[in-house]
Amino acid sequence: MSISARRSLLPLLLGAGFALVPVVTGGDVYTVNLAIRIMCLAIAAIGLDLILGYGRLVSFGHAAFFGAGAYAVGILSTHGFTSAPLLIGAAILAGAALALPIGAVSLRTRGVYFIMITLAFGQMLFFTATSLSAYGGDDGLSLPARATFLGTDPFGSPLSFHYVVLALLALVYLGGRAIVASRFGRVLRAGGEDERRVIAAGFPITAYRLVAFVIAGGIAGLAGGLYAEFTEFVSPAYLSWQRSGEFIVMVVLGGTGSLHGAVLGAAGVVLLEEWLAEFTEHWRLIFGPLLVLAALAGRDGLARLLGRGTR
Amino acid sequence: MTAPRPILQLQGLVKHYGRLRVSDDVWLDVAPGETHALIGPNGAGKTTLIGQIAGEIPSDSGRILLDGADVTVERPHRRVHRGLARSFQITRLIGGFSALENVALCAQALEGSSFRFLAPASRDAGLNAAAIAALAETGLAERADIPAGRLSHGEKRQLELAMALVARPKLMVLDEPMAGLGKAETQAMIAVLRRLAGQAAILLVEHDMHAVFALADRISVLVEGRIIASGPPDAIRADAAVRAAYLGEEV
Amino acid sequence: MLELSDVTAGYGGNQVLFGVSLSVGAGEAVALMGRNGMGKSTTVKTVMGLLPASGGAISFAGRPILGLPPYRIANAGIGLVPEGRRVFPTLSVRENLIATARPAATGRDGRPKAPEWTLAAIYELLPRLAERQRHLGSQLSGGEQQMLAIGRALMTNPRLVILDEATEGLAPLIRTEIWACLERLKQAGLAILVIDKHADALARIADRHVILEKGRVAWSGDTAAFRADPGLKDRFLHV
Amino acid sequence: DELKIGLISTLSGPSAALGQHLRDGFLLAVKQRGGKLGGETAEVIVVDDELKPDVAVTKAKALVDRDKVDFVVGVVFSNVMNAVAKPLAESKTFLISANAGPSTLAGEGCSPYVFSASYQNDQNHEVLGKYAQDKGYKKVVLMAPNYQAGKDSLAGFKRHYKGEVAEEIYTQLGQLDFSAELARIAAAEPDAVFTFMPGGMGVNLVKQYRQAGLADTVPFLSAFTVDETTLPATQDAALGLYSGAAWAPNLDTPENKAFVAAFEKEYGYVPALYAAQAYDAALMIDAAVKSLGGKLDDKDAVRAALKKADFKSVRGAFSFNTNQFPIQDFYLVKVAKRPDGKFETEIAETVFKQYGDVYAAKCPMK
Amino acid sequence: MSTTLLLIQTLNGLQLGVLLFLIAAGLTLVFGVMDFINLAHGVQYMLGAYFLAAFAAATGSFALGLALTLAAALLCGVVLERLVLRHLYGRDHLDQVLATFGIILFLNEAVRALWGSAPLHVDIPEALSGAVRLMPGLLYPLYRLVLIGAGLGVALLLYVLVTHTRIGMRVRAGASDAAMVSALGVNVGRLFTLVFGFGAMLAGFAGALAAPILSVEPGMGDNILILAFVVVVIGGIGSVRGAFVAALLVGLVDTLGRSFSTSLMRLVMDSSAAAQAGPALASMLVYVLMALVLAVRPRGLFPASAG
């Protein structure tokens, strides 16, 4: 009882932190925007953590699904669709629908091969996006208008945007926790440790992994869709392998296999970049070694540093 | 009087690795409730045969019938659902899971679909009860909450057995369950297997002749991929060819 | 030759050895016994430097070895057949044998002090390995891997060989052969520390027995004493 | 009070050299005026867009929301420009381009809050097309990276070139090795090659073009491929290759001579057109702010002031079109080695006089 | 499309393949043999190019510069291994990814801070400039031929080293169970440092060879790293032979794809559509190749058949 209570302390604090950002800063647009950006990326990172942290499936193509969600919103917007549920639904669907065939092929491989085949698919989608000349090709595409919902404008002001994203983040996080703890999650986790054992226990492990992969894709799609609304812009850069790499860094930095670690990681990466860049143009000279130190410090990343003694 | 239909039938199984014939026209059957020991020198092909039965290693030719159904090309997890359970020669456990959760995982496989996303599995009373019962049967009840990775070698063996047991299988295929067990644990394991003997058929691969002769109803001897002898323990013990190829003077 | 005094060790916060003291003399064979989980393998790992000790002292051939990296301990003349075989899966049988082989230590006259283990000698001892010499480690049966692990340790021409459950998974015939081999090794002057569940067979070759109980030495004495007291087995080795 | 200017440039990654020229050019102008523009103390906040549109958007928003800047200057690349233009315009912040000039912002998508102190993307390519046409080339090979700017570039070239296009080669963005393409070019035996190959790609291409022995036989017409950002790397390999631009370091006006001298003295390298354009952008703000007496609240007034900003461009005659993009001269420039051993592009001939872009007609602004 | 063009393109493909092999070889060794994902391998390639540019300029000799570069690359690799990477052996791959990603950021930026953002210039050595007539109508740059030769030489050397020496065996053994190798009396730490330094040197060598023909700039290793990983994976992790075959395959597919994809597409669509689709396809081709190979052979062409 007390263990689980303590384990939910950090996520609760995180949630409360995000909820209070606008209050504490007096609605300072800059900070709120920063928080929105962090939360969008955090949603995608949670999706990745689901398969990476629990299923040990290191996808190096996560940005492709993120980008798919973003493009779904971008493309539908240019065709005049503005309904938020429709756009966001389409974003989720786009991510999930792409993840299905890609996962089906990729899951034939293991370990590092899996990393690389997901990268390959990510790159194919990246190049496809750059050749979408009808939608801006490499230059990307500006959204003509923001999505609306029942006559309201949920993404119009930074403040309402903030709380909408926060609600979705909480939903994804809680959903993720439920999945991890469920029977499905148990099979996924066990498969991450010893696949042969799980098959011998009677599970068609690939099917479970595929479902997890599709869920992660859908979550990334959601994040991408929100991000498109946030930047009012979509470009192939959203699908680049560097972006996939960033998602991995976020998850690993925050600590794999905890979900809230993904949120911490996203915040860590974005804030560090933001702060360090103010000191020096050569901020990577500091950021790089910080990552190295984090890696040396061990697997649980930021979550362990912050939550030391809470386990 | 007709003999009951065997739970497992191997009909002319063959497996090559390159030019090496590892299973060479193997015929074998296991009757319901029978404890059938498979012995043979190192490298005779016992583990390979188990791999073929479990479906991890595809057979080059021959047929495998499980409870009457042809499963030769069926995928491994389907065979589990038909009542097959196996243990591994080198223990394979989910090291990060507690002993209980390892067993519960196996219980879950048999209990309908595991595509259930919301209810927390660790609080699933049905699964936990089944798991605890299986742990108790193998004498691990007290270690239920210890992460499997931290169990001693012997305890891991016991856990493997519990994982096979919980599925209430019709046939258990055990690859050297006594390996690494001390005298005392071996005795305990023999007792457990003996208790099980009525419930499920067992195909037992083991180099501990004490255990084999204590448990087996029937023994088959595999040498270089071929069954060279098959029969009741006494007959096997007396078989000159078996002594020469395998037993030596030990028994 | 090998001397442990009051060694304590464990995994993380979980202490397993609570002051183990034992010794193996030159040319002596010592059987380390005890039920599952009593700390036998942990003792071995600590000796080899694979696990840091938290206290005590270990010396080999008169020199302290505690705290040295494993390779220096091995080079001092200890050969290990580890629990669980741990053969190199991506190397062929032959490569497994020669990759870490060392020539025997030579005496003043430049000739080996003891008969040297060579590839040919190993193949003679374990002919199955010769038949499988082109197989990769991962393509061996369990028993074949065990033979390979033994052969590999001998190829380092050690002065002391530690066998942790070296006959696990071996067919009775082969097991008998291994025992015979150990006896020959002993006669050739090799010191042996052996862990095995076959107490009767051990009694034949071991000079002394040491019984571990929950990380402590519960009994030790020579083989005659061990044989003489059947109660020992009941107390420490059976349930 | 203080004048705040956000400068968005690409300062990391392989294309950072371009961004560096741009930034240095702008900062030089501010420095020369004692840290002031238009008489006001100017605080320039430099941000790196990392060549990632989404990063640029968040940083642009931060400039507006947190730093409350009066102007945003910069942007090397069109995709970044496209991404930041909308949020900046929505917040009524003036964006003055010191390089990128995408057609989207020059035509129907033109905005009162977007000014260009550079050129429209097509124009430099048109220079080479016009030159090829005038020169009477019958058969050319075109080559560009396979992305929007690359396609626009070839379209720009073909606007004035009417001869045969033997091959149109699209390469991979970020491609390193052009041996395959060069072999195709050699096989096609064209009168000239036109290419748009910015950044490191251009360096590779130029070196390999020379090594393949083509530099002496097939005229090399290019845009954004050989300029002062890449010449230090290509050096002799680029000698004699052509480019198109509205400016070159040796442009013979007193303002330009002073600029180039001051720049080289300050930074120790030869400025490229990005530096010159950014310098002009600073002068433009300087003039506008001065004419407004520092009052920047009335956006219409600011816009009007920018439009008729009276400054001496380093490019000579310079005025704004209806879409707030420049009308200016364009030249064919050629790589040369200066007596001091440094390389620069030098004007070979004037191709367009006082030339506006073709998209202005589509811009609804008057 | 003439035969000469096809031949030239084949040579070009070979040359790219050889360059990729030099990078992939070190990567696959460190990766397969030490089970270590070293993303920093790409920056080691970059360092090689920068070192050459600096040393060649300082000494005025390409050969001397190359020798110094090899030494410096080796040193860098050893220092990196000692300082950071050795603490990550046996750890989760993701920790390695994180750490080496950090190293990439750091070194890319350090290079930029030291040498500036602008690309550097390196001349082809005088003796190797010019072209060779391979057959009538087929001129090919001498330097590229030398590059192909050097790559083939290194390939052979590596093959012998890894498969036929005891060092090679120990290295492979250490990959699967370092503790055990150590317990058998081998100083694994030193062994791994050696392998790592050697891998870094190979990458540096590749960078140095590429410097005169490619642009020497910060971040030049990033994209080639990805290609090298593609090669490693197609070939089968840890297999030098696989890396060799895969590198040539990737080099050829990429080069020939870029040259002929548009013409091929023209066979099925009109020429302006082909001009669009061809290059898009060409840039994907390598990845399509990898996906196909892995879909059919999930462990690459030459899997090191472990467990």
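The chains carry the letters A, B, C, D and E, assigned in the order they are written, with residues numbered from 1 in each.
By definition in this document, contacts are C-beta pairs under 8 Å (C-beta built on N, C-alpha and C of every residue); 3 or more make two chains touch, one makes a residue touch a chain.
Here the structure is a predicted model, which means the values were calculated and not measured.
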item	value
Required minimum of steps from subunit B to subunit E, each step between chains that touch	2
D-E against C-E, pair bridged by the larger set of C-beta contacts	D-E
Separation of subunit A from subunit B, taking each centre as the mean of its C-alpha atoms, in whole Å	43
Centroid spacing, where centroids are CA-atom means, of subunit B and subunit D in whole angstrom	74
Subunit B and subunit C: spacing of chain centres that average the CA atoms, whole Å	30
For subunit C, residues contacting two or more additional chains	139
Multi-chain contact sites of subunit E, meaning residues that touch two or more partners	109, 112, 276, 279-280, 283
For subunit B, residues contacting two or more additional chains	none
Interchain contacts (touch definition) - all pairs	A-B, A-D, A-E, B-C, C-E, D-E
Complex contact set, residues of subunit E against subunit D	2, 4-5, 8-9, 12-13, 15-16, 109, 112, 116-121, 124, 129, 131, 139, 141, 143-144, 212-220, 223-224, 255-256, 258-259, 262, 275-276, 278-280, 282-283
Interfacial residue positions of subunit C with respect to subunit E in the complex	48-50, 69-71, 73-75, 79-80, 82, 86, 88-91, 95-96, 98-100, 102, 136, 138-139, 152-153, 156
Subunit D to subunit E touching residues, read off their complex	11-14, 16-17, 19-20, 146, 168-174, 176-177, 179-181, 183-184, 187, 200-201, 203-204, 207-208, 211-213, 229-230, 232-235, 269
Residues of subunit A touching subunit D in the complex	28-31, 33-34, 37, 130-131, 133, 136-140, 142, 227, 231-233, 235, 237-238, 277, 281, 284
Subunit B partner contacts - residues on subunit C that touch it in the complex	11, 14, 34-37, 41, 83-84, 128, 132, 139-144, 146-147, 165, 168-176, 197, 199, 233, 237-239
